[in-house]
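Labels for the chains are A, B and C, by order of writing; each one numbers its residues from 1.
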Amino acid sequence: MGDTLSYFLMAWSDPWLLGLVATGTFAGIYIGAIPGLSVTMAVSILISFTFAWDINNALALMVGVFCGGVYGGSRTAILLNIPGAPSAVATAFDGYPLAQRGEAGQAIGLSTVMSVIGGMIGIAILAASAPVLSDMALQFAPRDYFLIAALGLLLVGSLAAESLARGIFAAALGGIIGMIGMDPVTAQGRFTFGSVDLLGGVHYVIVMIGLFGVAEALFQLHQLDTTPVRQKVDKIIPSLHLVLRFLPLSLRTSIIGVIIGALPGTGGDIAALFAYDHAKRTTKTPKVPFGEGAYEGLVAPESANNAAVGGAFVPMLTLGMPGDAVTAVIIGAMVVHGLNPGPMLMIETPHIFWFIVGALVLANICLLVFGLMGIKLFARVVELPRAILIPLILVLCVVGSYSINGSMTEVFWMLGFGLLGYFMKIFGFQMGPVILGVILGPLMDKTYRQAMASVGDSSSAFLMDLVTHPLSLILTAVVVLLLLSHTPVKRLWTRR
Amino acid sequence: MLKALLATLTLSAGATLLAGPIQAADYPQRNIEGIIQWGAGGATDNVARSLTPHVEEALNGKIILNNRPGGTGVIGMNTVMHKPANGYTVLYGAENPQLYPVMGLADFDYSDMTPINVIGQGMVVIAVPADSPYNTMDDLLKAAHDKPGELRMGGTGAGGLPSTVLAMINSVDTLDVRNVTFGGDGPGITAMLGDHIDFMPLSLAAAQEQIKAGRLKGLAVLSKERLDVLPEVPTITESLPDIGSYLPWGPFWAVAVRKDTPDDIKATLSKAYQTGVANKDFQSFIKRNGAETLNLTGQEAVDFLNHWQSVTAWAMQSAGTARVSPEKLSIPKP
Amino acid sequence: MSTSPLKAGERAFNILLLLLSISILVVAYRISGFESVRSPGAFPMFLGCLLVLSMVVIIIGQRHHPRPKTTGHLGETRQFFRTHLPPRFMVFTLMTIGYLLLLTPLGFVPATLLFMFCAIVYLFRGRWVLSALVTVGATAIIYALFTLLFQVYLP
């Protein structure tokens, strides 16, 4: 026990480690905020950068960047409607309308506090029940991931504000965009039209930057001459009353976040979308409707995506298996540094586990401090004249999409999606379902085919599996119930 | 914003200091871009990132690594082949390019580039879950013979390591299985830990920790002799002696540049990589991961690549999984 | 149930999307046909069907909506351009395309300076000095951030 505590406090008592966690968190916030710069990319650069360092120092920096980066994505989502990272997509739904109402400061303040609460809950669950949670996560068979993806796609019902048919169309279109590229099973091209450039697929960040950032910038051209809303920059730090009001929601969505994060096949982006949907279903009377700047729509995804960080470390620390792309790179870093990440990690080197937990807690405290710093300055960004803001957003989108793979092709794709998004927006299509399709479509395709292959391509055996395994049965029941209660065939016709 | 800028400047100043002064010699005059054809955190990525600092030291220059994954590595290799042939872009690749032609994935392979160094070769182990009823390779083969097409094998897609190993086994025996495709070794192992698949041929680097911890059982290593890191796991030739003609075989890692790169640059690079691979720390890194270093350059590297391609392509041909016949591609029989 | 009048060009856009959906379905079918229940083309075909179906539902649902208050197709086209593709939009989009085309030949810094300056001056209708200052400042910050700190190669 004493050892555990000393490992836990290692990052706190050593000023050098403390500084590294703080630097990492600070850098992470801005890496996360800039679209196109991902935490995965930053951490893999850090492997080379910290090659000669002690493993603790390297891990301290990486943990900081990870925590900061997941949070940072929300900043540009709120201010400019460009989610800096996929996990911030759901934040943009209500965060951006809030900024447009003059509450950018409050939105960032609240999202910071809720991110930290979510992050802390994630760490607490990681510390308390990592082995149990990872055993549970292993129970998820391909068919269960398929059901989760299906469950996710049903969120279209709550994302498509006015017309369900339009929502379905948008989600299916997103799914098709996600299919572009080489089929992972047969290595044959899908929707590539023979182009080698397309074999790798269209990165979903490209789609995101185009549909959200560029489309919104083009849309803003219409309101060039209206003066932007003046931002209320007093009361940036949310009152205790406000925090307490949203605490139950934050707790529930954090638990969603940890579980989805701990599943090796899903991460913070899906967790945030599920949380948003949960908030929308459980909040019967929001003060402001969802999609127009509801605080609930901000609290839920922000709690969930930061809680997912703790979740992602669960399979990594207990089994040496990555919980998401970032932990995959951190595992790589540990290998490079001479550790053997595997099931024995917690037994052979328990200090690594508690050191990471300690560093995560510290990173969240740094997040609170850095996140609440400089909000007033950031909120002013929304007040910039549109004549400056629009070209600036475009340049940022171009640089962001170029830096993902260093190719101009992707930049043209990004612009294409921007124009598509602009027209879809005009004619009442929502962007949320498209992103949902891009994220979940490939997951559904992959897991469906895995599940089918496991039962020897027999549809009847596949359907039997869905109801004979307890876990699958629960998930199937939820899917069917949701399908019946929220998307009756009748509504399809009346709510168009 | 100002703070961000300040942080930028201090960090970048630090980076420049760490990089050290760049030599006044002709090459390299500026940073070299290293393109890794697999994603961050994978085996190829780990090898590249462990090796590069030692090469930088020998080269007295900086190599900036970028992952360009996708399309079984076709994207990354294609990128390098379209950059100028000036030695400022190098490819960190795995074994996959040698199978592009037979799999019909692309019309190029390593012979369209110049190998700078064949870094090393990994080992393969056939693994099953810890509570699997199969305790030996013979058990597994018997189960497959009794109930053809019912065992679930974890795969990584056409041209991936498991399907190549399956092809080798099928060219000397019959192993009729359901091929469940995962995104890589990691997701496959995770599925196996949850008993969602019955077995999977894995790179030793990915599987050894799980086997040592008793979460997976190793049935056979794809080698003629037992391995030091897993002495209790039998060799595959103990069950299938005929497969010995393909061995030694395993996934490998290589560094290559475009063919028309000037010869003196190729020579400088070869020397630097040879020094880097020979580094003690890197050697022990490779050994820890259940692989062996080869450190082949020049004609040796070319011979190794050709031999690997001919063995693998013809094994796939005789198992019936090659899409384009190696004969048509004028790949000689081993 | 709303029967608000259709927006100018809405019907044309929906029909365009329907055509797109049909061609997606055709391409999806061509991937592997009805080879097996889990062929590479199976899921894309399912999505293609969803696209076509949902678009048909949308179009049928709109058959009773009043047409936009314009005279004939020509009037509708004109209104479409006036409300959704005003000259400002067209000019700005063309500037952006030009920027993308010039990025590689000119290099990141000159192309960005040129694009931002032109765009800001155009959108502001003048204010040369302010535009120049903002342009130089923003380009410098972005360049520093990306190339120095994150070691991204910009064109």
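The rule is simple: contacts are C-beta pairs under 8 Å (C-beta built on N, C-alpha and C of every residue); 3 or more make two chains touch, one makes a residue touch a chain.
This one's a predicted model, so the numbers in the text were calculated from it and none came from an experiment.
A summary of chain positions shows that the Cα centroid lying nearest the centre of all protein Cα atoms is that of chain A.
Set against the Cα centre of chain B, the chain with the most distant centre is C.
If you average the CA atoms of chain A and of chain B, the two centres end up 31 Å from each other.
In this assembly, the C-alpha centroid of chain B lies 40 Å from the C-alpha centroid of chain C. With centres set at the average Cα position, the gap from chain A to chain C is 24 Å.
Contact of a single residue of chain B with at least two other chains is seen at positions 1, 4, 7, 11, 15. Chain A has residues 41, 45, 185-186, 406, 449, 453 in contact with two or more other chains. Shown for chain C are the residues in touch with two or more other chains, namely 145, 151, 153. The part of chain A that touches chain B in the complex is made up of residues 26-27, 30, 40-41, 43-45, 47-49, 51-52, 138-142, 181-182, 184-187, 196, 199-201, 264-265, 315, 319-322, 325, 328-332, 335-336, 338, 340-344, 374, 377, 405-407, 446, 449-450, 453-454, 456. Residue ranges of chain B in contact with chain A, taken from their complex: 1, 3-4, 7, 11, 15, 18, 39-42, 45-46, 49-50, 52-53, 65-72, 74-75, 78-79, 103, 105-106, 149-150, 152, 157-159, 178-183, 186-187, 189-191, 193-194, 196-197, 208-210, 212-215, 285, 288-289. Within the complex, the chain C residues that touch chain A are 1, 7, 10, 13-14, 17, 21, 24, 27-28, 31-32, 36-38, 40-44, 47-48, 50-51, 54-55, 57-58, 61, 84, 86, 88-89, 92-93, 96-97, 99-100, 103-104, 108, 112, 115-116, 119-120, 123-124, 134, 138-139, 142, 145-146, 150-155. Residues of chain A touching chain C in their complex: 31, 34, 37, 41-42, 45, 163, 165-166, 168-169, 171-173, 175-176, 179, 183, 185-186, 188, 190-191, 218, 221-222, 224, 385-388, 390-392, 394-396, 398-399, 402-403, 406, 408, 411-412, 415, 419, 423, 426-427, 441, 444-445, 448-449, 452-453, 457, 459, 492-494, 496.
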